[in-house]
Structures are given as C-alpha cells and as structure tokens.
Amino acid sequence: MTAAAASVPDPLNTATLTITCPDRGGIVASVSQFLHNHGANIIHSDQHSTDPAGGTFFMRMEFYLDGLDLSRDGFERAFSNVVAAPFQMEWKLASRAEPKRMAILVSKYDHCFLDLLWRKRRGELNVTIPLIISNHEDLRRDAEMFDIPFHIVPVNKENKAEAEAEQVRLLREADAEFVVLARYMQILSGEFLRGFGRPVINIHHSFLPAFIGANPYRAAFNRGVKLIGATSHYVTEELDAGPIIAQDVIPVTHRETPDTLMRLGRDVERQVLARAVKAHVEDRVLVHGNKTVVF
Amino acid sequence: MTAAAASVPDPLNTATLTITCPDRGGIVASVSQFLHNHGANIIHSDQHSTDPAGGTFFMRMEFYLDGLDLSRDGFERAFSNVVAAPFQMEWKLASRAEPKRMAILVSKYDHCFLDLLWRKRRGELNVTIPLIISNHEDLRRDAEMFDIPFHIVPVNKENKAEAEAEQVRLLREADAEFVVLARYMQILSGEFLRGFGRPVINIHHSFLPAFIGANPYRAAFNRGVKLIGATSHYVTEELDAGPIIAQDVIPVTHRETPDTLMRLGRDVERQVLARAVKAHVEDRVLVHGNKTVVF
Amino acid sequence: MTAAAASVPDPLNTATLTITCPDRGGIVASVSQFLHNHGANIIHSDQHSTDPAGGTFFMRMEFYLDGLDLSRDGFERAFSNVVAAPFQMEWKLASRAEPKRMAILVSKYDHCFLDLLWRKRRGELNVTIPLIISNHEDLRRDAEMFDIPFHIVPVNKENKAEAEAEQVRLLREADAEFVVLARYMQILSGEFLRGFGRPVINIHHSFLPAFIGANPYRAAFNRGVKLIGATSHYVTEELDAGPIIAQDVIPVTHRETPDTLMRLGRDVERQVLARAVKAHVEDRVLVHGNKTVVF
Amino acid sequence: MTAAAASVPDPLNTATLTITCPDRGGIVASVSQFLHNHGANIIHSDQHSTDPAGGTFFMRMEFYLDGLDLSRDGFERAFSNVVAAPFQMEWKLASRAEPKRMAILVSKYDHCFLDLLWRKRRGELNVTIPLIISNHEDLRRDAEMFDIPFHIVPVNKENKAEAEAEQVRLLREADAEFVVLARYMQILSGEFLRGFGRPVINIHHSFLPAFIGANPYRAAFNRGVKLIGATSHYVTEELDAGPIIAQDVIPVTHRETPDTLMRLGRDVERQVLARAVKAHVEDRVLVHGNKTVVF
C-alpha cells in the first residue's frame, strides 16, 4: 500500500465485502491475505461470531479499489474459487460507485419521508431514488420539490391485490433494490414481499416487541409507560416481527396525551429509520435468522 | 413569609401535601390561600389535570412548617373542613421529619439491594429500614454490614401460603410503610398484597410491557432487540401489569449474549429502582387507575 | 368551571401568563384567586423559586379564555392593579390565538432551517414566519417552497455595520418578535442586538461551555471527546455566553472524523434548536440573569 | 479449530493481543495468518486506522489459547520475529488468566469506590486489588468489608512530596499495574506519575473540557447548563487534560442546586469510571497521543 499511500486514494473508489459462513479457523487470514495479494487496501474491517466454537461467522470489509489488480468480474471469480468455496461463504461485493436504488412507499405523514429525501440531498445516503409510491396525493409537491417521480396507487379493501401487483410492477420496472416504508399506512401481504423479492425496511412507532400493530401511541398512553420509542426492521409476513435493525426511545411523562406522544415520537421515528436505512445502504446489516448483525 | 425569610427556615422542617380530586375551578386558589393564611411558605408546587374539563386533578405542594400557625392535628382538621371536603379531595400530609419505614424483600442478587442501602446511608433516601426479608442466606453479611435486621423466610411450592403469612406478620410487626422488591425472585400472591395492604414497589428487568414474566434478558436476546431496559412499578395482582413509576433503557448490539445483557441490565435496574423509590419516598407519585403521575 | 366543563373549551382559545417577582408568601394564592374570580380555568401551572427565603419567584400559568369575564385590556388593567403591583411583578400575557412572528437568519446550512420550516408547516410551532434573511442565495428555493419572503443581505468585513442596519430595518418592518439564527455564520454585534431589541435564539454546535467559538467539531476531534453536542441559547454580546435554553449530546467514538462529527452533529443541532424555539414560542422560558427557567 | 470446536474451549483460557504500528497493507493478513498457523482461534477482532493512507494502525485480537501450539515465551519470540519486527509494531499480549493488579486511591466519597469493589466482587472486573490508599479514615470499614488492605497516607501542603513518595513505595511494593483515582481529592504531581510509571485513571465530575478543575458542579450551576456529566481519563501532568476514555451526561433543569447536581452526578461518575476501568482491564484502550482508541 505504499503505492496507494503515495497517491491519495479516491474515497469514492471503495468496495464493501460482506460474508456469512460457518465459523472455522483461518477465515480472517484467508480473506485478508486474498485482498492483500491483490492490492486491495483495507479501510475498515469488522467481524462477529455467534459462537467461536462452531457458530456462524459474519464479516464486513471495506477497502480501496485503486490498488486492486483485478476487474470486478476477475475479483468475483477469483474470490469465489480461492476463498468463498472452501469456507462455504455466502458473500456480496458492493461498490461505493454504484449507489443503491431505493424506492419509498409513503402515505400522508411527511416526517420520515422528508427526512430521507433531505439526507439523500445532503449526501448522507449513497442512493438514487427512482420512484416514490403513495396511496395519497398529499406529498406530491414535496416529491416534486426533490425532482423524484411520484406515483399514486390507491389502495382499499377491494383492490388490495391489484394495487400491490401494480406496486410490484412499478418497483421492478424501476429496478428498485430495496423499499423503505416511510410510515406507509398499509400492511403488505406475503404476495407483495415474494413478488418484489428484495429487502423492505419499515419504521414502527413503538419499541418492539411492545405495542405491535395499530395505534401504538394510544396503547403507550393507556399503559402509562415512561418512555416511547421507534423500531426499524426488515418486513416479513408476520406483522412487526421481522429482524430489528435499529431502535431508540425518548422519556415521556404523565403530561403527554396520545397526540403529543405522536408529535414527540416523530423525531424518534425519523432518526431511527434514517439510521437503519444508512446502515442498510452501507452494507452494515447482515440478517441471521430473525436477528441482525449491524456492523 | 418576611418573618420566615428573616430566620432561615429549617430544610428538615418541611411537609408535603398531596391531593387528588375531581377537577374544578378554584382548587389551586383554595389550597394556596389556606396555606398562606396559616403561614405555610410554599417551596414547590406541581399540579396536573387529566382533562381540565371535568377530569381528575392532582397536586403536590411542599412547604415550610416554621411559620405554620397550626399543630399537625389542627392542620388536618382545618384543611379537611375548609378545603378538602368541599372539593371531595383525597389528600395526604407527610412530614420530612418522619422518614418512611421501608422494608426490603430480596433473594440472591445484590445489585439493587446494595444500591438502596448505599443511597440510604448516603442520605439520598429519607427512610428508615426496619427489616430485610430474604428467602436465602446469601445477603446476610451485607445486611449486617448496615446493621439492619435480616430475616430468613424460606419459600417453596409447599409452604408459599405460610411463608407469605409470616412475611406479612413481620412487615406489620415492624410497621413497614412500603415494601421494595429488590429483585425478589418470588411472585407475591393477592393474599400477600391484601394482607400487607400497603404499597409494594417492584423492579422488572425489561421495558414493560415488553417481555413480561420470566427470563426477559433471554427473551430480549431471542428477539434481537437493540435496547434493553428496566421498569419499576407498583405491584398488583396481575403480573408485571401495575402502575409504572420509572423506566429506562440502554442500547445493546448483536455482540451481547443473555449473560452480558444481564450484566449490563444490572446498572439500569438499580438506577431505575432507586429513582422510583426516591420518588415514592418524597411523595411524588400519585396513582391514577393503572397509571402514575410522577411530580 | 362547571360552566366551562359543560361546553367543551376551545383549545385554541387559551392564554399564558408568565410572572417574575421577588419571592414572598401569597403569590400563588393571589394569582390563582384572581384567575378563578374572573372565570379563567387553569390548564397548566408551574412555578419555581431560586430561594423560598427571599429569592426570585417564577410562574407560568396557562388557562382557558372561554369562561373569562374580562376583555384582554380589562384583564391587563385589573391584574396589574390587583395582583402585579403589590407583588412588584414583571409579567406578560400571551394568547394562543396570536402566533408569534418568528424571523430566521440563515447562511448555507439547511438542516436547522428546513427542520424549523417543516415543524411550522406540521403545526408543531405556533408561529408565523414573515421573513427569512440570508447572506447567501443557496436556500432561496427552499424558502420559496414554503412561500416565505427570502431577503439577501450580503455581509463582509467592509459592510458589516450597514448590513446589520439593513437586517434590523427588515426585521422591524416585518415586526419580527424574535429571531432564530439557524446556523447563521456571522457574529451579530451589540449594535444589532440593541437595534433589534428583541430575543435572538442561536444554535451552537457544541455542549457549551466547551468549544466556544469557531470549528467546535474540529476542536472536539482534537480533544478526543467521547460525546458531541449542541446548545441553544439567547444571544448576548459575549460570544456563546448567553442564557442556555436547551442542550443535548450524542456519543461518538475514535472512528469519527471532523467531517463525520459534523454530519452526526446536524441531527443534534436541529433537535436542540427546535426544542428551544418551541419552548420560547410557548412562553416556557423565563430568563434570570444569565440563566433560564424552562417550564 | 475443528479440534477446538470438538472440545468446548475454556473461556478463561484466552489472551488479548493489542498492536499499534504504522499503517501498511498486509498487517491483518500477517497477524491472522500467524495466529491461525499456531492454532489460536480468534474470538474477537477489531481494528482502526487514523488514515488508511499512511496513518497509524491499531488492532485488538482476542483468541483462545487451548489450540495454541506455543508456550507464552514461544509465542512472544515467534510473533516478535515473524510479525512485529517487519511491521515495526508496538504490541502487548495479556492473558485472561492473569488478572491485572488494580490499586485504588480514595478520599471520603464512597460512591465510585464502592461501585468498583462491588463490580470486582460480582466478577465484572477481572482484577485483583492488592491495596487501597486513602488520605482519610472514613472508608476503612468498607475496605475491610471487602477484605482489602487499607493504607492511610495523610496529605497536606507541607508533606505532599513525602506523602507521594510513600504512596509510590506502597504501589510498587504491591506491584500495582494501574491506579484508579476513585474521587481522590488531591492533585498528583509529575513526580508521582513518573515515580509510579504506570497508568493512572481518574474520574472528573464534568464533561471535559468544560469545567476543568475544582467545583465543576458549582460552575455548572453558575453557567446554567442543561446537562451535567463525568469524564474518565488517563492522568497526565496537565490537570484534567489527559486522554479521555469514557464520558457521559444526564439532563438537568433549573430546579437543581449545586448540592442536587452533586447527588445526581454521583450516578454518572460511578458508571463512567466503571466503564473506563473495565475497558482498560480488558485491554480495549489504546492511547494515541492525547486521544484514545477504545475497542
């Protein structure tokens, strides 16, 4: 890397390698040796093992591509044969230069929605946003302010199946790599999840597993809790039960009403969702069963 | 109060008046007028109304006794006739000079237990501790270090009823005004609660209503939550469902195990329990149905 | 208030009375008696005394106007004579129905700025925004998106005095009741503060009094602190030394750079500024010397 | 490690390797290869680089010793020649089976002191405590309760030099590996620090760099801050200016006095100090100039 050091490496010209495999000795050695041999200078490296004696091993390595002596295809072929196969790795290579394509589903609440658009504009989220889908007109002007295509797909009891089919069609047409539900007020069916077949990130306005389902702020008020929270998780068929990516809470008192809880909660919701989306976008989240490893 | 101001009032010579009644106009005026007329100089005052239009009204007033022109009995009689009766108040007068008598029930875990003893010794909690009851010998030496009577009442499936009867007998004999369950690992029956008939404060090692019942840290680990917490509440017959006094959480990651969660949780448990006990001791907690007002 | 209870009171038809005066007995009694006598139903009441024996007394009372038997002028006249004068009170009456006129000074950073505009639109801040003044063009489009007049007043070493005079002229012309510096990157002179003569709220990107002045994130990085913060305060002639309204921090690690600290800090800055502005707008902040009482 | 997996590895039989060296390609590869070649199964690994292009590189690796095919001396010799030398590493090997020898200096405050003794007893801190030194008698009984030698070394203006010499003599005699100042109310001179020549950890009761020096709670009260904190750092000759290991804060309001701030602060102080000591004990803290890397 003295070479790489001589010329300042391009911060945009980096890649992230994420790995999941059965834990065994020699994994770190093999991966780091492979990267070093091919001139990839490691920037960050993180790892986790559910159980060093025969558990599952997770690794995330971020490295500069400048010094790399392989094409992307070359890298994938070589790594697959030399390292991945012998260790039975599930692995993924993501390049910083190729922003992920993020779609947003939203209804009427604007706080999580605007926060994501603003962060993208600020350069906090390395994504492109090919489309926004809503079941209401309310947020069209905001979407247009950010010059993002805004599609209306009305949803009601009668047309739910068709509506979801249309949503999936739009998402696939735009080649969305993942979807964020920014307080989208409809429950997605298994058909939608299977039809889209890619990650869907939701923000739920409670500290799950407390207050699953509708009106968590009302439920929190009725129970008289002294803190309220928000949880961002990957969506699975079971409501509010998917792998949790991020959670946070704020203290509240007896003075709050369901309405003021909702207002206070908005600040936690947008922060937690943004943290989860950023982690996903930077390939920091590895799913393991119904849990996550967040590097 | 110029008089009271002339001589520096004795900080120990204060009293706290707590009131619950149907909300109506004129309550604050009447109470403050009464105190002023009798030379009681208000130090702190706090109030809350569930609904200014016909809800329940709560008030806590702390005042100096120096300038008071009434005996305690005189005060109670006069206040009862002049103020409490017309407003249908439930009310209580507590004097700082009479520390509450706090009993502790404990099993083997020492963290909440020692924390309470330390705080009492340090003067943070205005209580006396007439007795400690445990179902194990483990903490006897700690109790003796603080010169507090330590009673063993073994509990098992067979003798539960007799054991609780014995506990109630000891508590009443010692005239305990309230009980703190400092990680006492037995569920108290309705018979105990009715038999003792005074407040019982528990610390549960989760952010209720999440993870009610046994092994919340294991449950938190299995669910993959990103924060763990503790909840202190008044004990009712329904398990972990009583009015919540205090809650807090700390962030955790995928690196924790049920054991490390338990270790991290100890710090939250003792802080939350101490906060709840202190609030109770200072008459800051007013129970309303299954919720609390914490001034 | 039985009358007020009969008809549901209009939540918008409320007023807030804030009082500062030398502490003496009878204040609460007199004020609450006065309000009760004139049919004002108290919603919230909070008070504080720096020293019950001869210190300064602060009070905030929020009440419904529905039942009030006085006009606003009538109230002010009566209260002034009957209550305020005898107790040498400084006091203010603010009506919920008259939103405060808030001006914003901003430069290039958009995070605090947009956060305030969003909250206003969402109904979280009871204000009107008659004008925005900036020394740069960058945020014009955002301002226009919210249909708020956007004035450019360029500032440089040479024209500082004239520029500030122009800013004051615009603020007075728009009758701005207070100014928020939403990361406005110029230091305001005493001339400006005296010329405008009304409250100016600033957000400083450090937990004051640490890292006063320029580049606090760089200073925090150099010191190797494990948390960074933000402080919102009223502006005085002494830089970053005015009365603090709100502060918060977030934990950081050795992994952060001055750039990432800046990014992380944005979330704290906008939250802290919004909290301070909301407290000011709701007349919850009483200044006492160089400190604040925040009810 | 299939072997190591067959038999469950002994959690006590682990070692931690910490490394600091100029950043270059191939470090991770070489270290992990070395450990793998000698049968050391890595449990945790963490690394940091101040600048991947020519900065300083830090690494901490924790591994099982069971499978290791080298004696400790053998390991040190081999690692030194094969890995450390070529990369110009400063490095250290610490074995879990050899608890660090921690000395405590304390005065009259018991909260940090008791918290450390309790955590050691609970097994949270892998240390032995060969001695406690105090300049007051107050905490002798507590020390004896935990069966730890308690030495009195009175300190005053006149005898400061001799007193410090005696402290150093006691510390060296007991072969203390590091010292914790658990609210020890004397400033240690450069002579002491050089004489002892090993790490000294202090807890300062403010969020440094705010409120350096004496009476930070009084200073915090005077400034009217809305949060108070604590900072644990390595002691250097410059007062309160050493490398920060851990910090935390809690929110406070205008209602607090210097006394109540002190009481509230005690909870933060003991938590922050315990966190810092635990990190030091587990070799998670690497000092870099006046800053720390905390893995």
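Think of it as A, B, C and D in the order they're written, each chain with its own count starting at 1.
Assume contacts are C-beta pairs under 8 Å (C-beta built on N, C-alpha and C of every residue); 3 or more make two chains touch, one makes a residue touch a chain.
Predicted, not measured: the structure shown is a model, and the values here were computed from it.
**Q** Across the interfaces A-D and A-C, which one involves more C-beta pairs in contact?
**A** Pair with more contacting C-beta pairs, A-D versus A-C: A-D.
**Q** Among all chains, whose Cα centre is located farthest from the one for chain A?
**A** In terms of C-alpha centroids, the chain at the greatest distance from chain A is B.
**Q** Nearest whole angstrom, what separates the Cα centre of chain A from the Cα centre of chain B?
**A** 43
**Q** Could you tell me the distance, in whole angstrom, between the mean C-alpha positions of chain A and chain C?
**A** 37
**Q** Mark out which residues of chain A touch at least two other chains, giving numbers and ranges.
**A** Correct list: empty.
**Q** Please name which positions on chain A make contact with chain C in the complex.
**A** Listed in rising order, the residues of chain A that touch chain C are 110-111, 114, 118, 122, 124, 145, 263, 266-267, 271.
**Q** Give every residue of chain C touching chain D within the complex, in rising order.
**A** Interface residues on chain C, with respect to chain D: 48, 207-211, 223-227, 229, 243-249, 251, 253-255, 290-294.
**Q** In the complex, go through chain A and note every residue touching chain D.
**A** 1-2, 4-5, 8-9, 23-26, 28-29, 32-33, 35-36, 39, 41-47, 49, 52-54, 64, 67
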